[in-house]
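Okay, structure first, notes after.
Letters are used for the chains, namely A, B, C and D, taken in the order the chains are written, and counting of residues starts over at 1 for each.
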Amino acid sequence: MSASTMEAALLLAGVLFMLGLISVLIRRNIIFMLISVEIMLNAAGLAFIVAGSRWVQPDGQVMFIFILTMAAAEVSVGLALILQIYHQLKTLDSDAASFMKG
Amino acid sequence: MELTFYIAAAVAVLSTIMVITRYNIIHALLYLVVSFLSVAVVFFTLGAPFMAALEVIIYAGAIVVLIIFVIMMLNLTQEDVQREKEWLNPSIWVGPAILSAVLLAELVYIVAAGTPPQTEGAVVAVDAKLVGLSLFGPYILGVQLCGIMLTAGIVGAYHLGRQKKKVIHRFLQERSAAA
Amino acid sequence: MENYIWLIPALPFLGSLLLILFGTRLSRAGVAILGVGSVGVSALLTILLGLQFLAEKPAFYHQEVWQWFNVAGFNPSIAFHLDALSIVFIFVITFVGFLIHLYSTAYMAGDTDFSRFFACMNLFVGSMLLLVMADNLLLLYFGWEGVGLCSYLLIGFWYKEPANGYAARKAFIITRVGDVAMAIGLFILFQTFGTLHIQTILSQAPEVWSVGAQAAVLVGLLLLGGAVGKSGQLPLQTWLPDAMAGPTPVSALIHAATMVTAGVYLIARMYVIFDLAPVAQMAVAVVGAVTLLLAGFSALTQYDLKRVLAYSTISQIGYMFLALGVGAWSAGIFHFMIHAFFKALLFLCAGAIILALHHEQDMRQMGGLRKSMPVVFWTFLIGAASLAALPVITAGFYSKDQILWYTLAGPQGSIWLYLAGLAGAFITSIYTFRMVFMTFYGEPKTQVAHPPGKVITIPLVILAILSLVGGFIELPHNFAHLALFSGLMAPVLPGITANELLAANEWLFQALAAVVSLGGVLVAYLFYQKSPALLASIERSSFAMALHRFWFSGWGFDALYDNLFVRPYVFLANLNKRDIIDSFYTGLARTAEGFHVMFSQTQSGVLRNYVVGIVFGAIMILTISLLL
Amino acid sequence: MILLWMIVILMAGGLLAWLSKKWHPELPRWIALFAVLADFILAVYLWLSLPASTLGASPWLLQLEIPWIPQWGVNFILALDGLSLLMLLLTFFLGILSVLVSWREIRTKSGFFHFNLLWVLAGITGVFLTMDLFLFYFFWEVMLIPMYFLIGVWGHANRTYAAFKFFLFTQASGLLMLLAILGLYFIHGSQTGIYTFNYFELLGTALAPEAARLLMFGFLAAFLVKLPVVPFHSWLPDAHSEAPTAGSVILAGLLLKTGAYGLLRFVLPLFPTAAVEFAPWAMLLGAVGIIYGAILAYSQTDLKRLAAYTSVSHMGFVILGVFAFNEWALQGVVMQMIAHGLSTGALFIVAGFLYERLHTRDMGQMGGFWAKAPKLGVFALIFVMASLGLPGLGNFIAEFLTLVGSWQANNWLTVVATVGIVLATAYSLRIMQKVFYEPAPSDHHLPDLSAREMLIAVPMIALILWLGLYPQSVLDTAQPSINQQLQAYQEPEAKEKVAVVEVPAVELKVEKAENK
């Protein structure tokens, strides 16, 4: 695979990351935000894979596994939190959960 | 192989755009599955078949299913979709989009500027055995940490997800008292 | 006998200590015995010692009690040096002090703080003795400050009246201004000589400094600064009239007879420095001359009996300074001794009057006391005569005449100083007899409550006798020529020789002095006894009234200092009460708090805003790293 | 070993006092009293058994060295010389007084109070004893935190503010000192290869002028804030006036002295050239401090605040003297440390006595107390006079020696400082005037000193008189260690001495003997 593909793959990671980021920024629905974070994590993982593939080393994939694990844990805890928030506030609006105002 | 990569990449980008523009959360999740699958294809083209498999199983499988379960528990209706529409008007998303575009532009610039040394030829697959060896070799500590984190995640999810009717957080209690 | 020198100051100190510790538990008689007795024994010891001194004629007695401290060669001792000069001083201090103590037992009899009074008085006598007996300047400074403290405590003795406390503070602070000058003088002396031992300095000074050396002049002026502070001379004289707030015996002892003459002692003691610094010595003479005139004019206008005496004290000390300034050392000390007698006498008489008239001090409310208080009248008259230097019979005549004579005929004399002294003598006799006429003649205006008892009159009589005969130990050259006093002083203080040319006509100047003082009496008689209407008509003119006001307020020095130093200081202090520097730190804290408020605004609790922050941060970091 | 015991007794006594509150409410006081008393007796024993004059070249009386963290070159070094011994005596004496003074005043949490009190004292003891810079910094902090609690828990109305202010000032400056200590450590290490915090070994470190200056400012920061010198003084009035009486006594009497001690012990010998460069500025700060403190003291209406500003003024003499670099001035400084500890401590105790009776510190509400409490009046009078530098009391010796010494170094600043004495008179007499003279604005019930209070007052009076009349024993004790601190300055000093005319003052004393 050519270097240009590598660059393209990195760019793909960047684009996906940006899309996730935009989503986090514009969404008020807290589940959407969680999904967007997943997209971003996935994009980051992609970047690792690209790097590992570029140097033909397993480290990139190892990192991806770590990210995966973390994403899984994050989703489970995050969803539990979402449930809790929904039960307390009866809404999924993240702006409503703004009690920690300074 | 390259063509596969580009097609998969295009699909990934398109489906992700669809994810972030949907009002109905189930639709968004379906597109998300597509996005994950296409990224898995990209992994495959990059010579990481095992990771592609994991991507399919865990991201497209487990995580998305988990989210769907939760959505089912939340019992969302057409009203929520409507509200989503109200929340997502252009005035809200233009600013963040510009910001992200700037960030993207910088990333592109960095990738383009820092040209890596050319390595021609086919992709050399890094097989799962090698990954496993390094996981349980130099990265053993990280694996253990991941284990701890997962345990913590399980415990945390259980603890947080429990329905405690009586006990409300004191902060929220004050809130409700004030209201 | 000289092994017991230390007892002389120690006894009053001991008395004071005992009175402080047990004074409240003793009976009044006990307090009186302790207070008067300690000073009495001291006086007795002094007289015995003085007799031995006269018999043996040693250069000096010296006794070291203990070494005070020793730091790198700076080793002052608690040690006493007694020569003729000190003996004259301790004699006056203990003897006059004893009489005044005795008098006080009657004067203060009704006071609730009887023991505190005697504790302070004893402490004063002890400190004053320390001052004049010290063999080094540091110990002298010890006594110097000690008497300042006692003066403060006794002026403010009736502490419940805020004005008294104010006067006391004023006295302490103003004298301290002088003390600072003196302390700086001591630093220079120490730097130059490596010691503060007086005799060493006096013997070394001529070798180290030539005549007119800058350092010598500086030291001389600084010592003069200390002296004017303590002695109430220009420009630090303003505290003394106010110091009359204290009980009258205090005024007699501290603010007339002894403490205020400490400056005279200091200058006489350090005469070598002044010999080496003609400029400083000239300054002493000028300060004395100006002060005696200014104070004399102020005394003319006062109505408070004690204030007249206070101004007269300032004026008489001015004479002493004048004498020292022209090099008539022994004449200055002689006048000190005589002045102590008659001024103490006058104050004690004034006290007797004040006591008899229910603490009335205004002379306009007195009058006609000649009949009701004959003993006081006669003794007061003697004191007044001595103060006015009425010729031949009074001691004051001999001492003052000697000063006037050397002011003119001495090697450093000048006609201007002489004229100032002569004018001063004229004014002195006017205000003195103004006092006599206003108080004892005319119509009685206030009823005498109780005539003074024996304890009060005995000291008066003794002092009156001394005020008359004290002068006969030193008679002028052309008039029996008796020089007992200056003979005594000769080993300690250098003598003075009069101008040959003038000496032939000395009697002429004596006659002039006599005429002047008699003239003053006559003027006073004219204005205050014969035809008060004449005086009243003069006083009605606006110029005279303004002058009167000006003199009455002590030439406006109080107002001047008040506006120049006190008020700006208090204003500045109050302005800065909250400490401007602290506002810098509180300002710093305020700023931090402001930032806190500002930044806590960004903590909106809205998750998306935080994400925007993160994105901004990422963009910034990337941009910066790209640009660099 | 006896040195270690001193610290251990205090620390253990503190813990015990805290615990003993459970058994009996009065027990902490007695335990604290006996702990400090034991230390005091130890110190007096040391003083009597080790007369400084018998020493040879070395000023050190006792030394204890235990390796602590050898990897970093940290040793547990305690060493005692005349200077530290005097400071210890003062510490324990004032410690006893602070326990006595709190006997009735402290009602709440008395166990914790005495714990803090003893630990502050332990910290101060450590600061005066340790000769390892690491340990020094440790003790420097140890005395800080309990003091924070003393002010913050048992203080007056505005105590939290004052405690924070105190903490921030001293902590910030202490950190600068830590930086300087580390800087010295690394410079010494890189030069010799031996990384150590040992004071004795660091003494000879050769420093580049620039480095020496920076390091000196690090040390100065801590000491000048603690002292305090004028632009950094503003924590002091708040801390002093809000602290409980014992806290004020310890603050004024001891904590300020650690700053002065630090200047003597560390700044002078470690940075001789930099200190000489800085000397005129330091003396200027001193002179400004004397005047500025005096002016501020004059305007205060709060008795404790007034006393606090007098401390600022008096500490000006310390820095003036320290940077004069001669024996007179340094002896004066040592005397000033002791005499000021007593005199200002006494003024705070007077304020405490009055507060206990009147529940106010406002002088506007006092007056005419002489009639009601003559013993208190005499006690106050003596220490008011001490603070204005009356001869016969310790402060006079201190101030006079300091000024004599500083005159040799700088004439004009000495003149300014001497003028400060006049201002001292003004504010000191104001205390007497407002509190004891004048008619009382309101009729308070004011009992005179009780037996316990006399037990506090009488030793203080005796001591200040002793210091004023026979200070030689104190001066002798301090002398060898002062010479030690001055060693680096002896060269220029020798030249100056030649200029001074040596006058033999002995002959005159004998003369009279024959005359008889």
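The criterion applied here is as follows: a contact is a pair of C-beta atoms (placed from the backbone, for glycine too) under 8 Å apart; a residue touches a chain by one contact, two chains touch by 3 or more.
Quick caveat: nothing in here was measured; it's all calculated off a predicted structure.
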Which chain pair is joined by more contacting C-beta pairs, C-D or B-C?
-> C-D
Taking mean CA positions as centres, which chain lies farthest from subunit A?
-> C
Could you state the distance in Å from the CA-based centre of subunit A to that of subunit D?
-> 62
Centre distance in Å when subunit B and subunit C are each reduced to the mean of their C-alpha atoms = 97
Express in whole angstrom the distance between the two chain centres, defined as the mean CA positions of subunit C and subunit D.
-> 37
Can you list the residues of subunit D that touch 2 or more other chains?
-> none
Within subunit C, the set of residues that touch 2 or more other chains is 612, 615
Note the residues in subunit A that touch 2 or more other chains, in rising order.
-> 21, 25-28, 99
For this entry, which pairs of chains touch?
-> A-B, A-C, B-C, C-D
Where on subunit C does subunit B make contact in their complex?
-> 612, 615-616, 618-619, 622-623, 626
Complex contacts: residues of subunit A adjacent to subunit B = 1-3, 5-12, 14-16, 18-23, 25-29, 31-32, 34-36, 38-39, 42, 46, 49-50, 52-54, 56-62, 64-66, 68-77, 79-84, 86-88, 92-93, 99
Touching residues (chain side subunit A, partner subunit C) in the complex = 21, 24-28, 33, 94-95, 97-102
Show which residues of subunit C lie in contact with subunit A when the two form their complex.
-> 599-608, 611-612, 615
Quick one: which bits of subunit B touch subunit A in the complex? Just the residue numbers, please.
-> 1-2, 5-6, 9, 12-13, 16-17, 19-20, 25, 28-29, 32, 35-36, 39, 42-43, 45-48, 50-51, 54-55, 58-59, 62-63, 66-67, 70-71, 73-74, 80, 84, 87-88, 92-93, 95-97, 99-101, 103-104, 107-108, 111-112, 115-116, 118-124, 126, 130-131, 133-135, 139, 142, 146, 149-150, 152-154, 156-161, 163, 168-169, 171-172, 175
